[in-house]
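The first chain written gets the first letter, and so on, giving A, B, C, D and E; residue counts start at 1 in each chain.
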Amino acid sequence: SDLRIGVASEATSIDPHFHNLGPNNQVASQIFDRLINQGDRQQLQPGLAVSWKPIDNTTWEFKLREGVTFHDGSPFTADDVLCTFARAPEVPNSPASFSTYIKGKTFKKVDDFTVHVTTDEPYPTMANDLSVIPVISDEVGCGATTADFNDGKAAMGTGPFKFVEYVPGDRIVLAANEDYWGGRPEWDKVTIKPIKAGPSRVAALLAGDVDMISGVPTTDIGTLKETKGIVLSQGVSNRVIYLHVDQFREDSPFVKANGGGDIKNPLLDQKVRLAISKAISRELIRDRVMEGLSIPAGQLLPDGFFGVSDKLKPEAYDPEGAKALLAEAGVPDGFELTIHGPNDRYINDAKIVEGIAQMLTRVGIKTKVETMPRSVYFKRASTGGEGGLPEFSLILVGWGAGSGEASSPLRSLIATYDKEKGMGAANRGRHSDAKVDELVEQALKTVDDGKRAALLAEATERAMANLAIIPIHYQVNTWASREGIVYTPRSDEYTLAHYARSQ
Amino acid sequence: MSQTPPVLQVEDLRTHFFTRAGVARAVDGVSFSLGRGEVMGLVGESGSGKTVTGFSLLGLVDPPGRIVGGSIRLGGEELIGRSERDWQALRGTRIAMIFQDPMMTLNPVLRIDTQMIEAIRAHAPVSEADARERARAALARVGIPSPDERLAAYPHQFSGGMRQRVAIAIALLNEPDVIVADEPTTALDVTIQAQILYEVRKLCAETGMAMIWITHDLAVVGGLADKVAVMYAGRIVEEGPVDAVLDGPLHPYTHGLVGSVPSQNRRGQKLTQIPGMAPSLLSLPPGCSFAPRCARADGACTAMPDLVAAGGDRAMRCHHPHQPPGETAVRATGEVAGETGRARA
Amino acid sequence: MTGEQPLLRLEGVSKRFTKHLDAAEKLVNLVGGRRREEVVHAVDDVSLDVREGEVVGLVGESGCGKSTLGRVVAGVHQPSDGKVIWRGKNVAGLSGAARRDALLKIQMIFQDPMSSLNPRMRVADIIGEAPRVHGLVPAAEIPAYVDEMLQRVGLDPAYKTRYPHQFSGGQRQRIGIARALAVKPDFLVCDESIAALDVSIQAQVLNLFMDLRTDLGLTYLFISHDLGVVEHLSDRVVIMYLGRVVESAPTEALFSGPNHPYARALLDEVPRIDRRKREFQPVKGEIPSPLSPPSGCHFHPRCPHATARCREEVPRLREIAPGWTSACHLNDAGA
Amino acid sequence: MTTPNTQPGATPPGGAALAAAMPAVPPVESPLRRFLTDFSASWLALLAALMLAVIILIALFAPWISPQDPYDLAVVSIFDARLPPGSTSMEGTTFWLGTDGAGRDLLSAIFYGLRISLSVGVMSGILAIIVGMSVGLAAAYAGGRTETLIMRVVDLQLSLPAVLIALILLAILGKGVDKIIIALVIAQWAYYARTVRASALVERRREYVEAAACLGLGHARIVFRHILPNCVAPLIVVGTVQTAHAIALEATLSFLGVGLPLTEPSLGLLISNGFEYMLSGKYWIAVFPGVALLLTIVSINIVGDQLRDVLNPRLQK
Amino acid sequence: MSVFILRRLMQSALVMVAMAAIVFFGMHLVGDPVDMFVSPDMDQADIEQVVRALGLDRPILEQFWAFVTSALQGDLGQSFVFGQPALGLILERMPATLELAFIALLMAIVFGIPLGLYAGLKPDSPVSRTIMAGSILGFSLPTFWVGIMLIMVFAVMLGWLPSTGRGETVDVLGVPVSFLTLDGLRHLILPAFNLALLKISLVIRLTRAGTREVMLQDYIKFARAKGLGRGRIVGVHVMKNILIPVVTVLGLEFGSLIAFSVVTETIFAWPGMGKLLIESIQQLDRPVIVAYLMMIVFLFVVINLVVDVLYSILDPRVRLGDRGA
């Protein structure tokens, strides 16, 4: 039987290494396997590797699956793995390659089905890193250009589906891989159609033009729930929506005294940040903005992910407490603030910003809202200010942990901004806490999972206590399908045909 | 001429325009008759109803206008009250019309042959080739050189004079009994006008067509017409043979009109002028509509004068006409009449 | 004529309208195209004297350059060649106030009484604007001055708050005349000023012109294609053909026997109320395009007497009797 | 001989024979009056004009007549989000047209939206008219190469659709009322330039301009006092239609996400936001702003249409 | 004519250069494309590597110069997002857009001319008034709003037509077209109608105005005086005259159809180049935006040229060489 899927965003290429981008990875995940595949909650599962383990402090051993063939029938061996990791960081014109996950690693073929990976220092997240890189065929794939993949010549993997057709802007067609090592998938033919506008996507489902859609707009969930013949699947995402707070400037450009005069940046004070956090009713945002489709957040990843703390709970809504804290911090009458956010990036992003602004205003922080398309927003948020510093004072951002580990957000969002070390790359509030840095660095060298998880949790707790960022919620993603099809929601928000099952 | 039955007999023709501002009596009781081969000049000020009279004769009055009464008999047949289909069959075959502005009367995007052939084939089942031949002949007849090439041309490739000739040729195509020519030379240059007048006269003489030549130029009427009708505010105020009317106008309006032509006067002298201006057709004074501008008007003029015969095929509509220039002078030569006219001025 | 300085003298005045080539056309020419600039010789080497108080009639067919000449005289166009001499001074050489005065002394009366009045201005402004702008009349006296002008042309000053569209054609023409008179001109160029008027109104305006001439001693250049009007009004008649003057003669002389074949054709073939039912023998052909005028004598293709010489050589205007000039080779043959 | 003077007062004083010849002057009908009667000939146009007047009043007085200030975050509460028409808020005010996704009273949002949409349309219209008019007049009056050059630019600009121009400009400029006005002006000035030039060319050839030159009046005076006032009628017609266009264009751009920022919700943005609710049964969020936008544009267009008929001398009866 | 074409080409070349420069420099003022592409896990060194690879670290003038030199060789740069030649991306999507625009144009003619003619011939009849009122509505409705409504009514509520996407295509001369298959046609109807609505109104108004004006002309009266029937007068004399403005305007409007397809394509997920543009703007894919503009300007130049030639064929009064001065 056939499956037609309407997805929100379009893959820009069939080349799995061209662009490390959600929609591309999503398509690649269906044609290609990784050494280690990620499950619905990004748990690591054997893929083309049946087992992996560190054999010493700096070497990991991967045992490969035997008897796997590519779509053209050729057998899968260690050569394919080696050539894959050689090609992946080197794709020409790539706007974002996978080199982050590959650099510093040396791959060695031990035998046809054993590969050793060595690093200079202990490297605990080896498996996570290698779980994002699709493996291509040595013969047809490694020497191929991106264009060869797009027209299908090189689009040859070991995955559950075979490539059939790619019409840019319109559709990608896949067919079942009869010989898939994990068992023949249920769908003979899969058509993936990009339908960008939410209502259009819903309309396409209602009109029966597609069988399933991803990214159901929150606004339509109520209706779809009541529509006969439509079923919804919902699952929490690895994406946390949070506020970055300017914590490095004495005079923050978008913070003003009441009446518009200059003021020493009150956001530097932990009490003020806590007041802000208390002033925000995450439940209200969930209920009124997200149509119930968010989970109030108290840290960087939802419960159940690796390295999260079980002590952290979402800050409770407490406007009185917030006012008290403001008074304690010496700004009893509040101040003026502009909050910035994107309007085309996250689910209901602009509305969340507006809701937050309303709530802050109610505790006395007179807040203005400015939202903009992400094309403008991110540059300004990262480097738009004087001296290439972040421009804004309080911003709404989101972070999805691609590897499904707390180290990802800790390293990028919380750790002190440090170009050399590659830390704090997305730390737009420039929060800096040496202790946290130390914990994170230590964790990144700890191979033992249990110890590492504890270190990460501790770092998270410390950062949250300091309100390095103010988490708002985790997104909950919704898929809708016609009756008879169920989708197993994935926390990485991918829509994969083999996660859809007919009943 | 008055012996043969007239080709066209118009009686008490009334065409009114029902506008938002009121009823404009553009033509209000016009009567005249036209014999075979006869050329009648229809003169009058702008807005006096000349064109509307012409349109009425072809049944071409568009809303808000309507022929409200009277009779038009063409070769004895009554036209008023006919259906649009009947009119259509008549137009172009029995009665044709030429318009003032030669730049505007030909469709700019159709070739001359198209416009000519359709005029023939609208009325008779003629083959394309025959129709073309007739069109060619018609062009040749109005003095257009190398008519074969000209047939394939577009109107903009012709000068004004040539276009007017083409329009005349089209009017002639089906050899109608009557042609209504609405100021066809006013927009043309003097020398071109002379050429056209020359050809039109020749054609009328050759074919025996009757013609109504609408103009406000008395000189043209003098040169072309057999008889003349002077219109004022929708009515014919004086009618008669050309020489008689121009040399001895009876109606004060005609009198003023003739007197205001410079060449009728001695150089440098003041011209006779008709005071005031033409009245609005929407609010005509009761009685004689010329009365407000007339030096001779008195109380009697509040009653509408009838069109009365004044001898010698003449008729006029006035309570206080000028005297004809003496019983003997009526038939006098233009020279003498001219002198008397001037003396009076 | 000798000794007495003419009020206005034109010396070899030409006016050309040129359509220049643009870059693309020049480029085409470079690669062998043959694009030429289009030049219209609207007025071609015209010399003319007008004495004070004289009425000169200017006749000719459409497009022969009458209006252009009129505009050059009135200073609306600058001549491409030649001089316009006003009271002995070359207008082009004047500057500042002197130039403005010379300009104001020559005024124009236009053909179309509707389009020659600004429809958005009240009569009082139309007439009063120029005197006020130029300070000819003290600002306080402008209203009275406008009244005076209106009365002069026979209009009730009570109408001065109205707009042009509220007047009839004849009245509008009077407003146009009043506007010209308001700057106290000596010379009026009347370009077909009565052509658009109704028959019965024409006489009113013509009479007004004649009255103004006697009352104010105005000089006229009277442009018209109506020979009857020209004959009635003018002391002297100038006949133009395709930008050139072909004949210039005192009115009586010209109308009794024109010399140039074109003048003869014009005078003979035009219908006149006092000459009825004559057999027409019209000039053949139409006026050629001024873009590519015939060689030699412009009239030769239509002229019944044309010779080989007429095709090649441009005839010069020469005096055939005192005050009477004509440009025709036939005169040489006779002489 | 008695001359029946049927029109008393028609004969002006001033005993000259000429004056006696004066004909009567047609009864005075002021241009404005004539315009008004002609305009009201169509009841539809009258209705549209009335509606437009109401809309403009609403836009002008939005802050005073709106039940709520939809920008005041202290008043707006997401507690009240997406309430259907006629609901009452926590504080007890009634939302006659319901609320939007952020809890704004839709009626107030529409009033304020009208204000923004109209001011964007009108401001850009006025600026574009000023630019276009100057350029068009300059072209027509200067003539020659200057004119050719200017008109080439105008032609080229006109051959590129306004949406595209605005879209690209906004991609460059970013969001904001000022930005969108700039974009609309750049996208639309050429229409006015062409219109003004066309009518100025006609006017320039009119004899009254020649008469003005003959009277020694200066260029500036001729251009601004004589030519310009006569080019206004077509400008008004184009202006109304273009204003309607500008409003629709702004809505479209906002819909495409490049127009106004969320915090300054024009009608277009309200609809665009409501678009999300299209299938959710919360029809009012998109439909009411849509109807407001529609009424605005339609009434401007009808008025413009009638103006065209009334001001076009060729169709005048 | 050749001069005319040459003149046009020279002007167009100038515009394209100007356009390229403005857009190129303009686009560099906003945002940072790299922010749009990089994956969150990348560190600064990786990001800088991308910046270098895309050539964005070089001075802007140098980038422009590189762009111009390769543009002259027909290479308008590589898409950041797709890593393919920008021009190729656009050309790939062009047939879909052109097809949509063509069908919309066709609809405009098929619906617009008869309705406009009727309204022009009987300006005072109630039917005509209704047509005109309808056309004002069609004129005023924002395209995007109508699009949504069309989907709502015809796809969702009635289920007659598919809501989004392009249907089955077949290749004609190597170009995929969808109007030859039933499925393709069904997919085409709604977006094409959405796009056409404005133009239908425009054609109605244009035809009506033209008809009214032509009907008042002397030559129509003269044709009637020749005794021609109403059919011939309307069918030949009126039609030929109004077709001239309608065809020219429609030709030029074809360009605006392509422009407005940006909106329609976004709503109907039609895989054309308008959708590509919007997405490229959102993702700051500068090379594609610049290439799209160059392409569009070029397309418009061609369209205008064709329209002018068409105009001169239709209208015998026009001689192309004479225009432009």
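Simple rule for what comes next: a contact is a pair of C-beta atoms (placed from the backbone, for glycine too) under 8 Å apart; a residue touches a chain by one contact, two chains touch by 3 or more.
Note that the structure is a prediction, hence the values are computed from the model and not measured.
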Counting one step for each move to a touching chain, how far apart are subunit B and subunit C?
1
Chain located farthest away, centre of subunit B as origin (C-alpha):
A
If you tally C-beta contacts across D-E and across B-E, the winner is D-E
Centroid of subunit A to centroid of subunit B, CA atoms only: how many Å?
91
Report the inter-chain centroid distance for subunit C and subunit D in whole angstrom, where each centroid is the mean of the CA atoms.
46
So the centre of each chain is just the mean of its C-alpha atoms; given that, what is the distance between subunit A and subunit D in Å?
48
Rounded to a whole Å, what is the gap between the Cα centroids of subunit A and subunit E?
38
Numbers and ranges of subunit E residues touching at least 2 other chains:
30, 148, 152, 156, 266, 281-282, 324-325
At least two other chains touched by the same residue of subunit D: list those residues.
21-23, 26, 148, 174, 257-258, 275, 278-279
Considering subunit B alone, which of its residues make contact with at least two other chains?
273, 275, 277
Residues of subunit E defined as touching subunit A within the complex:
30-47, 49-50, 53-54, 78, 80-84, 89, 92-93, 96, 148, 151-152, 155-156, 159, 162-166, 266-269, 271-272, 275-276, 279, 281-284
If you look only at subunit C, which of its residues touch subunit D in the complex?
22, 71, 74-76, 100, 103-104, 106-108, 110-112, 115-121, 129-130, 133-134, 151, 153-159, 162-163, 166-168, 170-171, 176, 179-180, 183, 204, 207-208, 211
Interfacial residue positions of subunit B with respect to subunit C in the complex:
45-46, 159, 161-162, 189-195, 197-198, 201, 216-220, 222-224, 242-243, 246, 256-265, 267-268, 270-275, 277-278, 334, 338
Parts of subunit E lying in touch with subunit B, wherever the complex brings them together:
217-229, 232, 236-237, 240-241, 244, 314-317
Residues on subunit A engaged by subunit D in the complex (per definition of touch)
197-199, 202-203, 206, 217, 219-220, 222-223, 284-285, 288-289, 343-344, 348, 350-351, 354-355, 357-358, 361-362, 366-373, 376
